[in-house]
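So that you can tell them apart, the chains are marked A, B, C, D and E in the order they are listed, and the count of residues begins at 1 in each.
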Amino acid sequence: MAFLELRDLHKSIGGLDILKGIDITLEKGGFLVLVGPSGCGKSTLLNTVAGLTPVTSGEIVIDGEIVNDLHPSKRDIAMVFQSYALYPNMTVEGNIAFALEMRGVPRPEREAAVAKAARTLQIEHLLKRRPSQLSGGQRQRVAMGRALVRDPLVFLFDEPLSNLDAKLRVEMRAEIKRLHRDTGATIVYVTHDQIEAMTMATKIAVLKDGVLQQVGTPDEIYRVPANLFVADFMGSPAMNLLRGTVSADRSAIELDGSEPVRLALPPTVSREKLAGGQNVILGIRPEAITDESLRDPAAGVVTTLELPVDLVEPTGSDTYVVAPLAGTEITARMRAQSGVAPGRSFGFVFNLDKAVVFEPETTQRID
Amino acid sequence: MAFLELRDLHKSIGGLDILKGIDITLEKGGFLVLVGPSGCGKSTLLNTVAGLTPVTSGEIVIDGEIVNDLHPSKRDIAMVFQSYALYPNMTVEGNIAFALEMRGVPRPEREAAVAKAARTLQIEHLLKRRPSQLSGGQRQRVAMGRALVRDPLVFLFDEPLSNLDAKLRVEMRAEIKRLHRDTGATIVYVTHDQIEAMTMATKIAVLKDGVLQQVGTPDEIYRVPANLFVADFMGSPAMNLLRGTVSADRSAIELDGSEPVRLALPPTVSREKLAGGQNVILGIRPEAITDESLRDPAAGVVTTLELPVDLVEPTGSDTYVVAPLAGTEITARMRAQSGVAPGRSFGFVFNLDKAVVFEPETTQRID
Amino acid sequence: MSAASPTVSPASARIARFVIYGLLILLAIVYLLPFFVMLITSLKPLAEIRSGNMLALPQNPSLDAWGKAWGSACIGVTCAGIKGYFWNSIQLVVPAVTISTILGALNGYVLTKWRFPGHKLVFGLMLFACFIPFQAVLIPMARVLGMLGLSNSTAGLVLVHVVYGLGFTTLFFRNYYEAFPDELIRAAQMDGAGFFQIFWRILLPSSGPIIVVTVIYQFTNIWNDFLFGVSFASGERAPMTVALNNLVSSSTGVKEYNVDMAAAVYAALPTLFVYVVAGRYFVRGLMAGAVKG
Amino acid sequence: QDNSVEVLHWWTAGGEAAALNVLKENLEAQGITWNDMPVAGGAGGNAMTALRARVTAGDSPTAVQMLGFDIRDWAELGVVGNLNDLAEEEGWEAVIPAALQDFSRYDGQWIAAPVNVHSTNWLWINGDAFQAYGGGEPQSLDELYAMLDAFEEQGITPLAHGGQAWQDTTMWENVVLAVGGIDFYRDAIIDANADALSSDTMREVFDHMTRLAGYFDPNFSGRDWNLASAMVIEGDAGAQQMGDWAKGEFLRADLTPGEDFMCMRFPGTQGNVLFNSDQFVMFEVGEGARDAQLAMASAVMDPAFQVAFNTVKGSVPARTDIDDTEFDACGKQGMAELAEAAANDTLAGSLAHGHAQPAAVQEAFFDVVTQHLNGQISTDEALERLPQAIAAAQ
Amino acid sequence: MTLTVEPSTPVRRHASLADRARAFLPKIVLAPSFALILFFVYGFILWTLYLSFTNSRILPIYELVGFDSYVRLWSQPNWHMAIKNLAIFGSLYIFFCIALGLLLAILLDQRIRGEGVLRPIFLYPMALSFIVTGTAWKWFLNPGLGLERAMHQLGWTSFKFDWLISTDMAIYTVVIAGVWQASGFVMAMFLAGLRGIDGEIIKAAQIDGASTFSIYRRIIIPLLRPAFLSAVIVLSHMAIKSYDLVIALTGGGPGNATELPSTFMYSYTFTRSQMAVGSASAVMMLMGVAAIMIPYLYSELREREK
């Protein structure tokens, strides 16, 4: 049975509708990652779950109980605030131990818990400092520490790692995963980090302007996005979206543009759902457009196009190559030091196994 | 000539040495990205450059002038604060326009500039709100906006995009790049985002505990890290570091571990600098360890090892595969849906062209 | 937090500092002038005061007046100076200040962090209460105190001061807590802290400056109050000001200005002590590092 | 049995308080505890405020120092005690001037014990200046002006004055008495006859006030009476019009009456006495506390106390049957004149000190007199305003 | 979009009794204060209102006589004078106290060495009872005793400062003494406000090129808004109740030149035994205050609602 359930949740602040009917269920021990553009309502959603702000309508169910009327301190939820919300008058130690103290945990236990969390977060040397004497990332870790020492029904994390360096972030991610695995805690997690979302979630919910776009496993969200928004939003660099028309025999998509370009119909879409001449949008991720050397030997449907290179962006581990196609620009992912240079023409291998097709009007995916 | 120059900069706060002799020069129009672990002193460095905190010793030179004693308002610097530092009493509009107003820019111009920045930052609909009515990412964008409207000698950005969603972040990145290109502004930029660092910088400075580790182009930093710290710190997942011994003939490195494993000597190290039997650490990035299908056709020195797979981590665009080697674990980057499964054995292709060798004692790279 | 960053160019910084200190010292001297008059008067014998030059330095200064004011001046039929009246005032001022400050802080806390429909009206009513003319409440108050059996008692006077100080203490705290980040309250709720725990552990430790302001205000007003003191606690329990007034304001008797001045300074000492001690809590940057954004 | 008295008074400091101690000791000798409730300020104003609070709370003090019409106001409220038995026993009626009894009794019932009689129509003159002037004691306003002119020529301030409403009015009532005589004083002030208040005689009074003000130094506003006295003591000023309590200041400065300073009736008022009398009004107390209260009333009327107190206070005893040997020259003069005035019916209550009109009316007089003296209103306006203000206050 | 649609019927967990009590806790905490104020302030205001329609003199009388006391009140020249003076005194007093208090607070906030010494110096006038300080002021301001005389003795014979004894100017001396007394406390209020301002914001303003002056004008002073509200309320209250100040300094004189509503109210209620008129004046005062404060409070409280 669902452990955390949001039913038609609405929330407005000062006449503005922030959340417009959110329905999500999460099983016990689930790890829900909330993603969405800045300002879409993620923090607001967490606040309603925590009970810090009353909902306008709808129900919040935790462990089979409707908790709308329950005071935050009674919901047994731990939360990491996006803005940290550290107690300025307390030391780091005091901040972390506060929740335990409020729950009457005896001092030795408290100290042990704080020491453990501090070790995990690598802030042992800061325990006696006040928040004002910490760097941004250190403050964020203290905010994490306050949640980590607890053993609640639900953890809510609001961008808890955004100000940490990549290395630390990886370690913290592992730590949160371990916490999740070891305690079986149910977690709702907001992040803007794709990797975080993809690697940690058992379920991802994509939000836009207070409306839920898709809920699914990370793989589903990435591979078969429900609509153009999700497709465009998840993945960095974003999915290439190409306008085109289904060919008369429905075996290929003819891309718009001055020159006629044909791409074979991706296997993700069933021919029956399409009509010849129908306008569609074809979505294909950058890593599915490569050079010949990176071509996936297992790929079924592949088209190679010779395109002029516009821009080359090396990231260290890879090189992104931008080229014009069908009146827009596509991004392809090549090997680092691939030798691709702007201005020259180059063979781009399209692995259409991984492409998806959308209906332009409704923006929904066609499957 | 250097436009921005830090000379032996020291800074201590309350008896703690935060910056320990920083020397950096940046040419006019340069884009310096500061990276380093949380709490290493990046924000402190920006603060000293801005004049917000006095240096303990050393000199700050901007455009040929020692500005140590110059009041921040006289330094003509724009800064995005890590903590935003928005004016709570002003609307978003007021916040963004404030600097222009202080410079006596007439109202119509100011309004135009604000409108332009707001468009860029996608906060046009928020102009009349107060900071307290914004989401975290929206606040961060307002903080950006305050800098973007200006045309200063130097821009200082302290993790300006950390709370934005990936899509927006890409757009903002492009925006900053455009700003950099169009205005020829000199920029110092703190980020934890590898991609940001690699794609934007003309120069990267790596800081650790207040000590400068390496300054160089992104490519240098990534390819030939000066020491183990930089090697480990830059790149995500981190570079694989394997302990070993130089073989007697100095043609290979014999990795430590129960089973003897030989890897060919990487071309990045000159044989002359090594002695047979010398202990070394070999560094190789995950993307240089692949499966056969991804093998770089141009690679010179390649070794293939059959290793048991421990863990498979799909990220959507790729799959990271973890396997045990030389008493540690290595991470390799494979294609998404590569079919690698934990428990089974698999052929890992090591592209040693891209490997580097370190001296374990000094942790410095050997070249 | 001050805008005067330590990093300004040395020359203009020095000038600016010079101006600031100059201005402060000048103002301090101006503020001290009346005190100077009081002080020199207290050191003069009466004949010298009578001779009329009030601003002249004493020709043969003496501390007699100070001794007399402290220990032997007549206040009513007891001629033991004002020293005995400190205790009366302390007994009154300590509970009254404490209670009104605590209530004010709690009210401010509720009115900013636990808002309920109509909170503004409640606050508005409490604010407007600050303006009630004290003259107008004397008689009904006397009646109520009489009915409560608190007439002519310290407890009654404490009640009066608490009641008429509440509006102010509430005002001070509410306006201070208004800027206190709500996030911290939320965080504390998540941490399981209750209403009072949040107040006690989170807000109060960050309220140093406003507690100081409130204590200064209440202490001063209660210590210096005459009207309520004389109406509700005259006689043996008379507070300091009533005693001071008795010493000073005898209408057709001989006036001893030197003793009056000395007594006035004595009477002000506890308040001055509070000012000096309280000043330590005017600390900077109490909320630094609490929230991002 | 409550063997204590609580006494509300405003003799809070210096000699006055010391004088009261005589009474306290007297009572303590009888085993009665004295609970002191001193409240100074505003010529008893603050004390009356405190009294209101106490009475309202149902907790009246035993005895309260009070002046003139206040006594009647409180008596009217029916909260005061009854001293008839004691008064009869001790024969108060015979020894207290009738004018005082008007206040000590209400509806024929004794309610208060008078302590002293102050007189307000005095003029105090610096001895040296007077010598230099060389004339005799001025007997009329014209002679006064002659003397003041002489003082002016000596280069000193002719008339020292403290510009406070009650001081202004004290001078004014002296002038009223000097110009119009006792009958006019009674007509205009005690009866508040509107015709008298706007009569030509009254115009003359105000003109004299204007003229007298011409002899002030410019800084008289707000000055305390004792600082005005100090001017006379120091020889900076020639004379001061003030009640008999001013004598204390002169004596304290070690001046001898008749030599270093002169005390005399205000010119034109010889033979008349404007008085005010401090009385202890006995409030209604429980039966248990009555004995102590009566003992106190009796102690107040005790001749020894009356002497002890009044020698210090500068006033004269309320009893006319007291020997004057303990008193100085001014005191002796005062006692003699009081007895004389009482006999001749030239004794009248002082307006400025609450013995001519109830507070409301008194203050209405104050308003007009002080505004006129300070030049805020003209004589015409004053004559117009006076009856209006008095009528409004009644 | 619900992925797992299950027919689950969760119970609505209602807040327990203790919880609901806890929800009321804030109101319970506020209640005693509010009740005290309702009774002791608003109750007494009603009582005073009632009294103003009676003919009470020395003590309350509860027999209604209509608007008589209001008629008397408005026929008193003293009352007109008091109102006029309050307008002058109140506005100047509030203005100068705030201006000087703010200046002092800002100066003291410049990381001054010796702040601990200077702060009590500016505050001490509050501590001294005006019963005595008034005498010192009176001498100081009296041309024949104080400043003017001292200046003349120093040789500056054309120096003239005789406001105290001038009917037109005396009220301004009350303002001077009042400002001297209260501005230190206003300073303390602003100082508390200043100390609460986030330093980062000021740094940001410096970066934005704001001069120190602009920072104060545009950032700090607007952020001190709540402190201004406190200051205005406290000062208005003090202006209205200033009694000792006037009594000790001028006694309401010369003439009635410095009469204020507070002295008027006190003298009519107590010394003049016209309690009904005193009550009427109290009612008029409250109405006047309401007329000014209610719009101010309304805008102030509405403004800062987030």
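Here are a few things to note about the model shown:
FYI, a residue touches a chain if its C-beta (ideal position, glycine included) is under 8 Å from a C-beta of that chain, and two chains touch if they have at least 3 such contacts.
Owing to the predicted nature of the structure, the values given are computational and were not obtained by experimental measurement.
Between chain D and chain E, the least number of touching-chain steps is 1.
Counting hops only between chains that touch, chain A reaches chain E in a minimum of 1. In the absence of chain C, the touching network of the other chains holds together as one piece.
Among the inter-chain contacts, the highest number of C-beta pairs connects C-E.
Distance between chain A and chain D, defined via averaged C-alpha coordinates, is recorded as 94 Å. Averaged C-alpha coordinates give centres for chain B and chain E that are 57 Å from one another. For the pair chain C and chain E, the distance between C-alpha centroids works out to 14 Å. Chain D has residues 41-42, 49, 52, 56 in contact with two or more other chains. Of all residues in chain C, those that touch two or more other chains are 5-6, 52, 138-139, 141, 194, 226-227, 245, 248-249, 285-288, 292-293.
Those residues of chain A in touch with two or more other chains are numbered 71, 82-83, 133-134, 136. The complete set of chain-chain contacts reads A-B, A-C, A-E, B-C, B-E, C-D, C-E, D-E. The residues of chain C lying in touch with chain E in their complex are 1-6, 17, 20-21, 23-24, 27-28, 31-35, 37-38, 41, 52-56, 103, 106-107, 109-111, 114, 116, 120, 122-141, 144, 162-164, 166-168, 170-172, 175-176, 178-179, 194-195, 209-210, 212-213, 216-217, 220, 223-224, 226-227, 241, 244-245, 248-249, 257, 260-261, 263-265, 267-268, 271-272, 275-276, 279-280, 282-288.
Within the complex formed with chain C, the residues of chain A that make contact are 47, 50-52, 71-73, 77-79, 81-90, 98-99, 102-103, 130-134, 136, 139, 146.
For chain E in complex with chain B, the touching residues are 198, 200-201, 203-211, 214, 218-219, 222-223, 225, 306. Put simply, chain A touches chain B in their complex at residues 13-14, 35-39, 42-44, 82-83, 133-138, 140-141, 158-159, 162-170, 192-195, 198-199, 218-219, 222, 232-238, 285-287, 293-298, 313-318, 333, 335-336, 339. Chain C makes touch with chain A in their complex at residues 181, 183-184, 186-194, 197, 201-202, 205-206, 285-293.
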